[in-house]
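Shared between the two complexes below is chain A, which has chain B as its partner in the first and chain C in the second.
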Partner chain A sequence: MNDAINLSRMRDAAFTAEVEAQSGQNVSTCYQCGNCTAGCPAGFVYDRQVNQIMRGVQLGLKDEVLNSRSIWMCLSCSTCSLRCPNNIDVAAVMETLRHMARKEGRVAVPKVEKFWFSFLDTVRAFGRTYEIGTMALYMMRSLRLFTDLDLAPEALKKKKLGFRPHVIPGGADAVARIMQRYKERAKREGVRP
Partner chain B sequence: MKFAYYPGCSAKGSSADYEKSTQAVCAALGIHLEELPGWNCCGSTPAHAVDTELSAALCARNLDIAAREQAETVLTPCPSCLSNLRHAAKRMENPQFRARVDELLDTPAAAHFPEVTSVMQGIARVYDANAIAAQVKKSLKGVRLAAYYGCLMSRPPEVMDFGDPENPTLMESLLSACGAEMVDFPLKTACCGASFGIPERVMTARNSGRILELATQLGVDAVVVACPLCQMNLDLRQKQAAKEADAFFRMPVLYFTQMMGLAFGIAPEHLGLEKLRVSADELLRKIDGAQAGEGDR
Partner chain C sequence: MRIGVFICHCGSNIGGTVDCAKVAEIARGFPDVVYADDPMYTCAEPGQAAIEAAIHEHRLDGVVVASCTPRMHEPTFRRTVERAGLNRYMFEMANIREHVSWIGRDKEANTNKAAELVRLAVEKLRNNKPLAAKSFDVTKKVLVIGGGVAGIQAALDCADGGVPVILVEREATIGGKMAKLDKTFPTVDCSACILGPKMVDVAQHPNITLYAYSEVEDISGYVGNFTVKIRKRATYVDWSKCTGCGACTEKCPSKKTPDAFNEFTGPTTAITIAFPQAIPKKAVINAAHCRQFVKGKCGVCAKICPTGAISYDMQDEIVTEEVGSIVAATGYDLMDWTVYEEYGGGRYPDVITSLQYERIMSASGPTGGHIVRPSDGREPQKVVFIQCVGSRDRSVGRPYCSGFCCMYTAKQAVLTKDHIPNSQSYVFYMDIRAPGKMYDEFTRRAVEEYGTEYIRGRVSSIYPDGNGQYVVMGVDTLLGEPVEIRADLVVLAVGIEASKGSPQLAEKLRISYDHYGFFMESHVKLKPVETNTAGVFLAGVCQGAKDIPASVAQGSAAAAKVLALFARDKLESDPQIAQVDIRRCVNCGKCIRCCPFGAIKEVEIRGEGKAQVIETVCQGCGLCTATCPQGAIQLSHATDNQILAEVNALCQC
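Let's look at the complex of A and B:
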């Protein structure tokens, strides 16, 4: 956060409170030791390091935080949470921020969300993940048609991926109904599913 | 000994070899795995990244099946499934959360869920090191291995209950009992880059590269894993990692069940070893060579 930040104008105290409520974490105890950032395996692709995100949450810098690419690139490995000297579940804060951003339709890294949706679409269709289906849907959605093409020859030779989807015996309707209810409820509550 | 069993989706696809070797090793140990009827995907990372309640609902359907089957303990080979199932069970202890999840299900979930644990802990619960050693027909003596757990198996500790979250040692005890020499592997719980191989390749290439680089420096014969995604990133994506690190790797990456199966004298084809991208042939020769040497004496 090198650009000047006008705290009197940009500060949103309600945002800090909302993150704390949803994540169940007391972010005010963060004293910027930087342990989370030091151990983060995804930091090298972040636009804001995780300690900066934590500071942003404390200061109520809603736009800075929710528009950050970092919350989408977090690997959910929980190294930060494990090493936090104040026992803040930092990974839970990152996940909460991702949820809040998604629900408001702020998606700083669309390809990551497209990958998740491609995965979940196969779960909705078959009740179980279908790996080749996930790849195909992702390539279409993201228009990244050459994704992992270098792996294809060996993956095929070794029969690494099942060609046919594995469907729950008796049908995948129960799973599709869970997804449908989730979607309908999100719409009712006025958030992006 | 009988356990309920949740194989997870990878078992039916990219980690068919993990499934095959898990079945073979458990059969050799007299552990009967009863697959949960009609189980569904736990939702993996995408579900919890999108919504905690959606993730919990997908898991709760499975936990509910297990409860109705009157299972005491459910075993799963996959750390991601394990993490999601255990997180869901824990979060469902909160009545408000449970009510929100129940809304998404056909019928409210069972009030109490059976415990879910890893296949590795299930095996260790029934067999101590001596009992494992008694099963060994082809000792792994002289074989140097690095145990790599990945990030999910031991974290967060209060949910996963897998010993020291940065220095778990269960895999080492199982494989030492099989005769292997286990090296100290400081990156044993580092992250491999998870499912970002597809949307952001540099993430898996860089992180898996570090793990492969260290294993290569330590001169191990193989890296041993317990997670389908770790295995894919370290094995199938090994060339991508090498390219990123500007290095050359030829490091076999086996599931711990494949390693144990070899020690139990199970034929490689019954352990799915042909699925490995980086061949384990040299490792097999080493194990056979040690056997021959042993026989001469």
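Let's look at the complex of A and C:
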């Protein structure tokens, strides 16, 4: 016996339909030319290439797709969407897959999620991004205390890193309210915030 | 009146969702219906025989068939009733397949709707009158528009069949795209060697009149009697004197003129003969680049010409020809691939189109048949071919397959290896479409014998690496990995589009064209050469992507249609035309102005101006009947009374 993917058993048409509905894309128009993969700048750290993710969605292979590292390593640069000859917003499909994976509580690359939260926490606090705060939070959460520390002197020299956050008068509260509203909605709908 | 009704089952096409027996039963209750039946296949021989038998047995004077679309079988059944002695216009058709059974599954609703449509047809038939066709003369002469291989074939076949041919070609020479090719697949025989003799035949055939460097300006008339105005563009060379010696092209000082025939791969002179085998082999001056026209002084060619053929003050000339039939064979153009910014958008000199590569490979091309890079003239070692550039790509509005690129790419890869034995070719492809005779074998040879590397995937971007090479970023989807190739030369298999001006020509010809400008055939399978305008036929890529063998076949097919049309001395005009009631006509002239065919003229009857329909010109479109404020024009077989009878029948319940 080989360990072929048993399509008759594993195919989940509802998953394909759900991805299409949430992303607003018709994945059946993908004819697997591979242009998304050819242009993907993050493909070298993917476990499955973009066109393979799209194929997985077409076939309804839910576990294969939602458990993949690729959807977390995606940079959302949208080169794939730009190059797609069938006008599929591939980046939107990847985004949808991340949402679906989080909803189901499976995050193949938790570090990425931790970075996002670190970023969002600083935005919530100050109304805009605060790089050193993001870094500090991420280091604590991920326990990667020396990640990219070697870049700091250079970034400081070029004034790309500020020690103090820029606070927008009144803006921080407004952004925090937006996030609070989202949090409440997420709670209502039973989504992990 | 005694009417017979036939409700066709069409196998299960109609019978599956319509209770045909019940419709026949309902039809028996309609006024004047004396007979109704529901045969399995009405169009088959037994079905037609049953109609004939019923006409005799029940002394019918009108027949209704409820079946498929009239576009399919109305002529069939008209002939059937005619064989049984009825006038062919004492027949009506109800479409209960496309309009009923194929579009709904509710059998009861379908049955009701079918019965309604039959009621409509019966009421129309009760108001029908026998109509008689008139006959008119045919001008046995054909116009072929476009002198590519399809047009050449159509012209030669018509001419061989004894029909005088007017061949109009937009460029200075016939031969079309095929004349630009170096070799042809799958036999790799020289394009000029197999096309050249045909071009010479065109020049020498006593039945062919060739207008090169000319365009069709205007077309009027109808099948059998078209009047065509042809604009002979000014060449500034008197072709009756030009011997094609080429002395002028050697001495012309404007040596940086863009060379359209060579796809702009090299410069040419302002006065040129496109290529050595050009037909007609006559010189043409490109006024936009000629010093005499641009700067007002030069005159070198006029001085050098041994026959004094140069004529700087030549003007466009309009000639009028009368023809009975027209073959459109206008071919294609490459799409504008510079929309692909990721491939450089035309800024990289060594990223070229496949047609430019043909000219570079051709012995009559700008490099004398040596494959070199346009940028530095070096021989390329690594050549990357990219297929489907502007084909199967919705994002640039070209979702269709251009049909022949897979094959010529394989051919170009083979020829590259022949020219430069230590070169390596790579082909990025999505699917290899090689369904012709010996085609798939040919693409396999490119791989197996010539070592062409086929990579399944598209190319995302191309950029110069700074050392004279280009980085081609692609993907091998079979490997599941992005791939990168350093190439010396990149050849794009650019997709095709309908040739420039196709929609405008279609409007002159009054034929349909699709979303992309390709001309529409009358029926995609059964009438691929005919158009919906009688007497106008299609050949070659103007109808849709096809390769040389298919273009030649369609050229011959179009010629066969022309010869069949001209086999008759007289044609019958359709009696379904407009008729003016002169008692009601107030001579307001609105009908004359709205008629798209110029089929209505003003005549004087007993001292009063009246509109009169020219019967052979009227196409029965009905515009004038709708426009006439007096209701003085009626369209035979679709009169107000007939239409109102149908409306009344429908509004009963």
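Note that in this section the second predicted complex is superposed on the first by the 183 of 193 C-alpha atoms of A that agree within 3 Å, B and C clash if a C-alpha of one lies under 4 Å from a C-alpha of the other, contacts with A are read in each partner's own complex, and residues count from 1 in each chain.
By definition in this document, contacts are C-beta pairs under 8 Å (C-beta built on N, C-alpha and C of every residue); 3 or more make two chains touch, one makes a residue touch a chain.
Only a predicted model underlies this, so the values are computations on that prediction, with no experimental measurement involved.
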| item | value |
| --- | --- |
| Chain C versus chain B, contacts on chain A by residue | B |
| First, second, both or neither for A:N87, with chain B first and chain C second | second |
| Partner chain(s) touched by A:Q52 [first = chain B, second = chain C, both, neither] | second |
| Chain B versus chain C as contact partner of A:G190, first or second or both or neither | neither |
| Which superposed partner A:G34 touches (first chain B, second chain C, both, neither) | second |
| Partner chain(s) touched by A:K158 [first = chain B, second = chain C, both, neither] | first |
| First (chain B), second (chain C), both or neither touched by A:Y138 | first |
| Partner chain in contact with A:G105 - chain B first, chain C second, else both or neither | neither |
| Chain B and chain C footprints on chain A, overlapping residues | 44, 79 |
| Chain B-touching residues of chain A, taken from the complex the two chains share | 41-42, 44-45, 73, 75-79, 81-82, 89, 91, 95, 98-99, 102, 109, 111-112, 114-117, 119-120, 123, 127-131, 135, 138, 142, 147-148, 150-151, 154-155, 158-162, 166, 168-170, 172, 174-175, 177-179, 181-182, 185-186, 193 |
| Parts of chain B lying in touch with chain A, wherever the complex brings them together | 9-10, 12-14, 16, 37-41, 43-54, 57-58, 61, 103-106, 151-152, 155-157, 165-166, 190-191, 193-203, 206-207, 232, 236-237, 239-240, 274-277 |
| Parts of chain C lying in touch with chain A, wherever the complex brings them together | 342, 388, 392-396, 430, 456-461, 473-477, 480-483 |
| Touch list for chain A against partner chain C, complex | 29, 31-35, 37-40, 43-44, 48-49, 51-52, 79, 83-87 |
